[in-house]
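As written, the chain order gives the labels A, B, C, D, E and F, with residue 1 at the start of each chain.
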Amino acid sequence: MGGKSPVPLLVDGKRVDGRLPEDHRSVTMRVGVLPNASGSALVGYGNTVVLAAVYGPREAMPRHIALPDTGVLRVRYHMAPFSTDERKSPAPTRREIEISKVVRQALEPVIFLEQFPKSSIDVFLEVLQADGSTRVTSITAASLALADSGIPMRDLVVGVSIGKIGDTVVVDLNKLEDNYGDGDMPIAVVYRRSWITLMQADGSWTVEEVKKAIGLAFRAAEPIYKMERDTLKGRYSEQAIVS
Amino acid sequence: MSYPFEVIPSLRREALMRLISDGKRSDGRGLYDYRQIDIKVGLVRTADGSALASIGNTKVIAGVKFELGRPFEDTPGEGNLIVNLETPPLASPTFEPGPPDENAIELARVVDRAIRHSGFVDMSTLAIVQGKSVYALWVDVYVLNHDGNLMDASLLAAVAALATSQVPKSVIDGDVVKLDKSTKVPLSVNMDKMPLTVTFNKIGKYILADANVEEEVLSEGRFTVAFSGGDVVSIQKSSGFFTPLEVEDMMSRGLELSKSIRAKVVESLGNRPESFII
Amino acid sequence: MGGKSPVPLLVDGKRVDGRLPEDHRSVTMRVGVLPNASGSALVGYGNTVVLAAVYGPREAMPRHIALPDTGVLRVRYHMAPFSTDERKSPAPTRREIEISKVVRQALEPVIFLEQFPKSSIDVFLEVLQADGSTRVTSITAASLALADSGIPMRDLVVGVSIGKIGDTVVVDLNKLEDNYGDGDMPIAVVYRRSWITLMQADGSWTVEEVKKAIGLAFRAAEPIYKMERDTLKGRYSEQAIVS
Amino acid sequence: MSYPFEVIPSLRREALMRLISDGKRSDGRGLYDYRQIDIKVGLVRTADGSALASIGNTKVIAGVKFELGRPFEDTPGEGNLIVNLETPPLASPTFEPGPPDENAIELARVVDRAIRHSGFVDMSTLAIVQGKSVYALWVDVYVLNHDGNLMDASLLAAVAALATSQVPKSVIDGDVVKLDKSTKVPLSVNMDKMPLTVTFNKIGKYILADANVEEEVLSEGRFTVAFSGGDVVSIQKSSGFFTPLEVEDMMSRGLELSKSIRAKVVESLGNRPESFII
Amino acid sequence: MSYPFEVIPSLRREALMRLISDGKRSDGRGLYDYRQIDIKVGLVRTADGSALASIGNTKVIAGVKFELGRPFEDTPGEGNLIVNLETPPLASPTFEPGPPDENAIELARVVDRAIRHSGFVDMSTLAIVQGKSVYALWVDVYVLNHDGNLMDASLLAAVAALATSQVPKSVIDGDVVKLDKSTKVPLSVNMDKMPLTVTFNKIGKYILADANVEEEVLSEGRFTVAFSGGDVVSIQKSSGFFTPLEVEDMMSRGLELSKSIRAKVVESLGNRPESFII
Amino acid sequence: MGGKSPVPLLVDGKRVDGRLPEDHRSVTMRVGVLPNASGSALVGYGNTVVLAAVYGPREAMPRHIALPDTGVLRVRYHMAPFSTDERKSPAPTRREIEISKVVRQALEPVIFLEQFPKSSIDVFLEVLQADGSTRVTSITAASLALADSGIPMRDLVVGVSIGKIGDTVVVDLNKLEDNYGDGDMPIAVVYRRSWITLMQADGSWTVEEVKKAIGLAFRAAEPIYKMERDTLKGRYSEQAIVS
């Protein structure tokens, strides 16, 4: 947001990549892609690709972070230097530090951390290719990698971004829409429990639009949630659906 | 990771939980009542704008400085807003010296986004030479005493400082741009769009506004909404989870609360103490 | 020091702010200003304002700094970004690190540290507004905050800066005098014991001038010392005197 | 200090040592056999060149980016090569977050030297305005899964990414140079000079090529040679010691091995998967 | 925090304290005697000036380099003096690798202030183009062996290096300024104003000059005065406390001591060993 | 390497400083030069001068680096800011970090580390004057300092650099040859055991040239090895020979 888009973002109700406002981009999922990790996943939302790895539960190190009666979840969201248009320095930015925090807090509610006192569960997220909606793609990838690792979870989490182009509320922003749109609202949901575990917003929204956005997020999450379950059942086989 | 990691003695914790299970708070407030809000402006003479915001025992000071900068490539005709927020160790036994941690960074970024997306400050008035020279608008937020709800207090201090800040005149001499600090004009702000956050915490089955630090330790979920006029310009769900109904309820209540806070801010903008008190 | 002053610093025996050479600026003190701290103080020397907070005695952390038979005093002097004419980056400078050290060493002689083995006493100083003499104002503020915290002390410490304008020795430099004067000599004294616990100097001084400076420092310290005691008696009520 | 510091249970260690004392390896390979090498190119659309190299379970991805830079004083007519290599914590339980450690730095510097001294990339084609403006050629190597022999896999990924990378056109407009990312030409490389390393480890009395991570933990000595055409362009002895005869033997065997690896790379440069898979 | 935190065995400590309570020192010196001072200059060929200063077993080396810089805004007609002081781990078991700690920073800043306020170096001869280009005068002080009194040894090394340093010629070619290292002229210094520190330590009721490291561990108070000609140009009280009478006494004694040290430095400026020895 | 030399590096078979291709520069050695260190040495290869200090065996700190059944060798190679033509920032560069690692690995094979469980042996190397071949000079200096400290060693190590000027293989590169030559191959040898403990190469070499370089390195190492032994016997007396 900020600045003027080089191309119109919405023409005759269609978005720059031909989608209708409520269309999600094609989603791809693959689990068990990293032999060393306890669990791993590669998730694509269109051209956004995120790799997730889970290590643990393992002895929390350094020791002083360990808690006597519960486990600690740690999340590191990071963008590979070649994942963006301009090369990104590998040093963590303030943006990456904030996203690491909110992604952690989007996952904490579903993990039975109390089963792993003194331990840490470490989730590493690498954005390999960025085309908008990287944090919600990361949440879906992290959720899959956690499940792939066998760590007990209440349910899976799905990330979906909602945005605004002019007055139109749209689903799953690509980079152009993220950069030049009028609002961005990443949301993570635990579909079957109707929980919202991540919610942020930028731009300008009426209270009604926020309500609509939440509805759209849950609707878009449903097929992704099902795909997560299918992917975990058919471990190692790639999945791709268009929502 | 989570902060402030104050340990509440278990007897105290039980007493607090018992109260809250009846929908009551330890200081007698209703669930959606804010503590006393107090704002003083213009304290810091070395700043181009400043404000001290207190919510109960929480105290946050903000200083605004205008310096010269180069515009960002995608906004050649606008000044640069940079929000920095520090949680120095004098403000709480749980704060440590060093660069901002994830909590301070999150607070800074929500303050930044709320200001940026509200249209409160007319950033186009901060361009000097199109594409070459602009004002860098530094907002330094400094926590002085942490008793919960740093989010709302930080934005309060920042907007009150901005609303009362003075821009030094820029002087263009050939290729060189300088600032003349002896001549200043008020920063152009749109008071109708002043952004304000309302932060909620969930304890047990209750959601309450403006938690103090004890309540924050007990909190199972935190949610912040920033309003500008009647619009939502920023949302930040932190810990825990919320249902869509809970979110909708916080939206409506937040909007109402933001109106009374706004009135409080507006009435405080003339509150310029003669001496520097905190 | 260095460069030429934009205005004459001494005209007909009067300084830029109208003071005589031996005049101290107005001093303000207030203690107990920060609810969270064990002790706190806000001290003004003219337009220089410093906030001090004391935490402790508390378990020294990290552990390896703890000493088995005495307490450890830690001091952090820091300038808020908005306290100076040009915004100051919040990262600690070499100057701030040096001042933190000498301020610590100005306080150590009066604190009964040996009563607190394995513990630390932490003094945090934030310059909120800088108009010269910030380190001596910090010492006065730290001394008050320590007393406010109830930590046992041999006596209070008072900081006073002495300077030179041409050949005139003056008391309590403001920023202009600090920047363009001919000498700067911050001094901290324990008034009733005739102890000097901080002494630094810049510029060029004869041995006689140094002696004179010490005398002036003690003379200027007396009313500030009394004010410290009065302030501590009438806790929470603001005090302001001109020496 | 040494890495990866995986503890091998002592029974496993004894079994492995017994095998090796007969000149055998746990996965049945001969002493100088490489594991399966697999290379995919062009995966990363946001990069100007990219490749994923796998050697057995070791996976390394490299991305190439062209940016604008100023030439170094001693090479005013050449672009700048900058190799960065990260060992992110997702690739191994022994990796930690943070800036590159001594192992990552060593790998990056050997990759850099092998490319630089081979003549593989014609750096003179990356000057834009003599002495003023050049391309900065960033090679970011990212380890995704560490099962030994990161050295060879890292250089494989880097050269495959370079061999298939596209240089955005530079546009000179008065004093200003910009890159036009919509028009690209292939980077000028000399395939005959493509550098490739062969890494050996010594265990007991045996020297073996392409150690996996278990073998690396048992290793008493490590030695890497980079070949370009028939020439040696870089050597890096890491741990342990070697006799002159051992070094000469590794040179001859390395040269032969590098030829078959080279053939594998050349045949893989058209291996562009449609979707992003690792 | 305090350094060097060497533990002195208690028997040794008692013996030392008994000696000192009689006004005696373990190496037989009088209270105000310095150890042997030795200065060698011109050791480092890669530097524009260098000196090795020894006080007993304390050894400090200083190297001076002239580079190009931009003037500071408030001194457009002067070069930039930058003093850096390192306490590398080879100099003492109590030193650790890493950026300068508070002790090294304090030493560097006192060296800097003593040079700056003495008028020893004529910084106006180090301007090149008024307000645009100046020499940056780097003084790098390196402790090689720490046996107490680093302060005095550091300034000794720094001033001896400056007194014998050579400024490379600046060549102005249009807008570009370069240094011609083949042509050098001596740095303009005023030897009468050469600054020198005298450092005292208080043990029990005694004050003594030039403490060795054991005496520093026992010290209850440290005080440094820098003299230039007959004037005081810098004071640094470190630990402990002093009475006004003690300070006045240290001023008079320090002035006398500085004169004999000065004579020693002046006589050493021709002491250029042929080979690099320390 | 890279760029063109301002002067020809080889004229009529002679190098810029008059040496023949196989000549080593004059070598100087002195041990016991630093009173505080367990062992120390100052070594010159021509105008390259390196100071080495050894501390230990001592309790490994921080504790987590200690190993239960063997000692840990730590090496820090560092260039003093004034040791180079352009002032070098004292912060460690990537080059210095890599060299610290390979120098450590050049020394490890000869030290009986297993005799010192839970301990560290720390070797600090400061290049005081750089004129090429600094890492091999550092290895010789480190080896001498270790021997001077009395730490039990299998044998001494000698560092020698081999280079290429055009097609000529030369011994002991100076800075000009290092900067503008056609190949650089630092080698460390344990002379009597025929061990190579450091070997790196840059530039372009045939397999035959590599073999020749190894031979030259061992030949150049012999007199330096003898000089090391002589120096250690006649402790504190300076030695200087031309190989």
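As a working rule, a residue touches a chain if its C-beta (ideal position, glycine included) is under 8 Å from a C-beta of that chain, and two chains touch if they have at least 3 such contacts.
Because the structure is predicted, anything quoted here is derived from the model rather than measured.
Relative to chain E, the chain whose mean Cα position lies farthest away is A.
Of the chain pairs listed in D-F, B-C or A-B, the one whose interface repeats that of E-F (more than half of its contact pairs identical by residue number) is B-C.
Separating the CA-averaged centres of chain B and chain E is a span of 48 Å. Averaging C-alpha coordinates per chain places the centre of chain A 58 Å away from that of chain E. Taking each chain's centre as the mean of its C-alpha atoms, chain A lies 51 Å from chain F. Taken residue by residue, chain A touches two or more other chains at no position, since every residue touches fewer.
In chain E, no residue reaches two or more other chains under the touch definition. Read around the ring of contacts, with chain A first and chain D next, the chains fall in the order A, D, F, E, C, B. Touching chain E in their complex are the following residues of chain C: 1-3, 65, 72, 74, 94-95, 97-98, 100-102, 104-105, 108-109, 179, 185, 190, 194-207, 209-211, 214-215, 218.
Every residue of chain D that touches chain A in the complex is listed here, in rising order: 43-47, 50, 57, 59, 61, 63-65, 67, 84, 86, 88-93, 97, 99, 138, 140, 142, 144-147, 181, 275-278. Across the complex, chain C is touched by residues 1, 74-75, 100, 102-103, 105-106, 108-109, 113, 116-119, 223, 228, 230-244, 247-248, 251-252, 255 of chain E. Those residues of chain A that touch chain D in the shared complex are 28, 30, 33-37, 40, 42, 44, 47, 49, 51-53, 55, 58, 76, 78, 80-87, 90-91, 122, 124, 126, 128-131, 238, 240.
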